[in-house]
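Here chain A shows up in two complexes: once beside chain B, once beside chain C.
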Partner chain A sequence: MPTITYIQPDGTAEAMTVEDGTTLMRAAVTSGVDGIVGECGGQAMCATCHVYVRPEFAGRLPQIGDDEDEMLDCTTAERTDRSRLGCQISVDAGLDGIVVDVPADQV
Partner chain B sequence: MTALPASGIPALAANTRVPATLPSPAPDSAFQGAETVREAPVADWVTLADLREDPFPIYRRLRAEAPVHWVPAVNRYMVVSYDACHTVEQDADTFSANEEGSLMKRAMGHSMLRKDDPEHRADRDSYGSTLRPGTIKNHWMEIFERNHRRYLDQLKAKGPGADFVWDYAAPYAAENLRLICGFHNATQEDLQRWSQTMIDGTGNYADDPEVWAKAAASSAEVDAAIDEMLVYLKDRPDPSLLSGLASMPIPLEAIRANLKMTIGGGLNEPRDVLATTAWALLSCPEQLEAVRSEPKLWAAAFEESVRWVAPIGMYPRQTTRETVLGGVRLPAGAKLGVVLGSANRDPKVWEDPESFNVLRAKKPHLAFGGGQHFCAGAWVGRASVAQVALPGAFAELRNLRLEPAGSAIAAGWVFRGMTSMPVAWD
Partner chain C sequence: MSVVIVGGGQAGLQVADSLRAGGYADGIDIVADEPGIPYQRPPLSKDYLVPGKDAAPLPLRGPGFLAAKGITVHDGVAAVALERGSRQVVLSNGRRLGYGHLVLATGAANRHLACEGAGLPGIRGLRTLPDAQALHAELPRARNVVVIGAGFIGLEFAAAARAHGATVTVLEFAPRPMGRALSAVTAEWFAAAHVRMGVRLRLNEGIERFEAGPDGRVAAAVSTSGERYPADLVVAGIGVVPNDSLAAAAGLETANGIVVDEALRTSDPSVLAVGDCASFPNAHTGTRTRLESVQNATDQGRHAAGTIMGRTGAYLDLPWFWSVQGALRLQIAGLSAPGDQTIMAGDPDAGKFSVLCFRDGALAAVESVNAPADHIAARKLLAAGHGPTLEEAAARGFSLKAFGQAPASAGR
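What follows is the complex of A and B.
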């Protein structure tokens, strides 16, 4: 089972082990990670699951789809080249150990 | 007016009238622990007339007593705390949208709004990218601007004393929705009539035959209009919903039901947010000044407005099994009213929740619902109201004001908005 680490803007880290295939959004919402809301339940429709993925994992991420791309233009915190929607990234062995930064603002 | 120390900008206090007969709320510490399960308290003091006039004092008392109540007047359990509403939204297995005996199904057919995944998913996907931000930016924004121009000119032509809701917000929202749906064979007036008569059907608990007759007549008109447009749009595609649906393998019955639900759910809400936000800002000049001097705040004003007065105040769900919600036992098959209008004023989440304050700390409100049924039109609502209509109307109507003062009326609880809002300008 893969591990995910969420880093809050103040530097606090929260690590958790999840079932294969769990999304970054679902894992965070289920364990109450602050700053990840996931209002639309993962339909790439609300932009409240925005995360910054650490660059060392960039090469292992799925491509950004059209729906995700336009929604990333609607995030509250600034979009950067590390920005992704947590609901569009399922974590499996290939992304084991992934580290993401939680933006300061989500709504 | 209550001054908020943090901002120095007075917030608009809500109508805080509490009927004199209501005893003061009991402390809510008894149900804090998840271990203590109790039966739903019976709120037999709640009446439909009071809810319609001003539901917020009622919500305040309900929230203080328990997160979930049985309310005989509504014939449902009312879910009133933020936490409990949020739990319902995120757990579709326990809280089904496919309600038995739903009047909405009778008035509009079985739309996506009353289906659960995976059936819901197929219907929702059939809406494609029409309502998504990319299409809004590339296509609808220009149309919203044009419609804004047209109906603001009509309001101006009518002169001071015109009604902000009926002479501007309603036709603007209806014309936008007409084009988004793709009804090139109907008028915005048709859309308003269809929407209201079918909505009246979904709320026809009194089983009034005249209400059913009007809803059925509108439903038949919509069916005919859809049939015609599906053929027309096949050869002349545009970014509308019906155009996308014309080339999709989806049953006609689903198309009809989904379009009727969208007519019912995509017109009154932007109309109501537009008028409620304008009313709130006009009632609180310091906040209006703040928004005028920082145009980014139009978006904040929109979000605060839908938090403060959720245009869809309540929607139904039904339990699929016995469960405990907010410490209250619910039997299987229990019919619930998820009261967003109350969740959005939960003092456990917001400081001074009864006040309208565009500068308050931002937190996720529930006005667009959540989970599978998260509003498909949220970005259309934001773009058409917060980006086009509000800044446009306030820029062009110099010294816009409520006149005669005190004559604007807000009403409703399942749907809430301004029912009358006479204005004047220079």
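What follows is the complex of A and C.
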């Protein structure tokens, strides 16, 4: 089972182990990680699951889809080249140990 | 003095979360008649039912969050009476909880079909996790699915049933799908799109009665025009009724929902109501409204928490909504009304557009299809009162996304 670490803007880290295939959004919402809202339930329609993925994992991420790309233009916190929607990234063995930064604002 | 919240849904959980986020330090109890971890309803008619998608329920807040925040959820326990004189809630397990403030977040329940045969096995509603679990189990075997009511949930379910390969018939009494909530142009676009996806959409046709097969289960639906549709699974999506009987029995004012003021207080100022069960004065329409949406539940939850902590001010948040029907992704910002003037922006033939609804010369609502960036722009523009004029919107090549991002709109 892969692990995910969420880092808050103040530096606090929260690590968790999840079932294979769990999205970054679902894992965060389930354990109540502050700052990840997931308002639309994972439909790439709200951009409240915005995260910054640490660059060392970039090569292992799925491509950004058209819907995701459009929504990333609408995030509350600034979009950078590390920006992704947490609901569009399923974590499996290939992404084990992934570290993401939580933006200061989602809504 | 502690806060007791009746109802462990989207609105109730939000009240608790926002109280803690705002620094509220006394006890918070949530009385939730559904057993288990509080979950989100929207996925139940979407990913939960589509083959190959994630079928685990999505929690509203996990147990770790609730424990860390000191929020006690009494799950599987109903509030059976309110004793406002002594400020106590009586629970189905015999316990009593005292409160300083009480929040009613009791939601709504599915309206039931009243026609002949409506009680036959195989006829279901879709509101709760057990409803969705039953449909999740039955859908792969269903050959002929009949949906009663072309509202959001009915059409979402119809799209999921098509994805399972079933023959799907939708009976709708009204001339258009989603008629209460959508402009005519968007509703008609959706009607055509569902037909293209292979849904047999029967408008102006209601349900007359159901017939049973030899096994006692539903076998056919007979419509008001006498047509007989074979059916091994029927889902009724004919609207909801607010759960306001607890409030009414306690002498609180109700009228299609629990009546609240602009701060979301009931006729007893120590009792508030939020979400699907609350009838509130709507600043956007100037009428008393009851809305059934995640936005309404969460924003009212936040506002009620503020009211409890002594903040004053009216609830003014902009309504918004979404629905996913197969490949069709609908988002609505604001509330459209009959008689609105509509402008089409984008390309309906390519399935990516927004319909802008103008009332009294001002932008009042935007319905976006497969155009989430338009929707986000619409929410910001409507909330700020900075929407485009009718003339601007009617210009060739107008894009709401571009309008929202243009520097001019910031200084407007």
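The rule is short, and it goes like this: the second predicted complex is superposed on the first by the 107 of 107 C-alpha atoms of A that agree within 3 Å, B and C clash if a C-alpha of one lies under 4 Å from a C-alpha of the other, contacts with A are read in each partner's own complex, and residues count from 1 in each chain.
Everything below uses one rule, namely that a contact is a pair of C-beta atoms (placed from the backbone, for glycine too) under 8 Å apart; a residue touches a chain by one contact, two chains touch by 3 or more.
Source: prediction; values computed, not measured.
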Partner chain(s) touched by A:S31 [first = chain B, second = chain C, both, neither]: second
Partner chain(s) touched by A:E39 [first = chain B, second = chain C, both, neither]: both
Which superposed partner A:T17 touches (first chain B, second chain C, both, neither): neither
First, second, both or neither for A:M71, with chain B first and chain C second: both
First (chain B), second (chain C), both or neither touched by A:T80: neither
Overlap of chain C and chain B interfaces on chain A (superposed complexes): 29, 39-41, 43, 45-46, 67, 70-71, 73-74
Residues of chain A touching chain C in the complex: 21, 23, 26, 29-32, 38-47, 67, 70-71, 73-74
Parts of chain B lying in touch with chain A, wherever the complex brings them together: 89-90, 124, 129, 132-134, 303, 362-364, 368, 370-372, 374, 376, 378-379
Residue ranges of chain C in contact with chain A within the complex: 40, 42-43, 46-47, 54, 58-59, 61-62, 64-66, 68-69, 294, 298, 322, 324, 329, 331, 372-373, 375-377, 401
Sites on chain A touched by chain B in the complex: 29, 37, 39-41, 43, 45-46, 48, 66-67, 70-71, 73-74, 76, 105-107
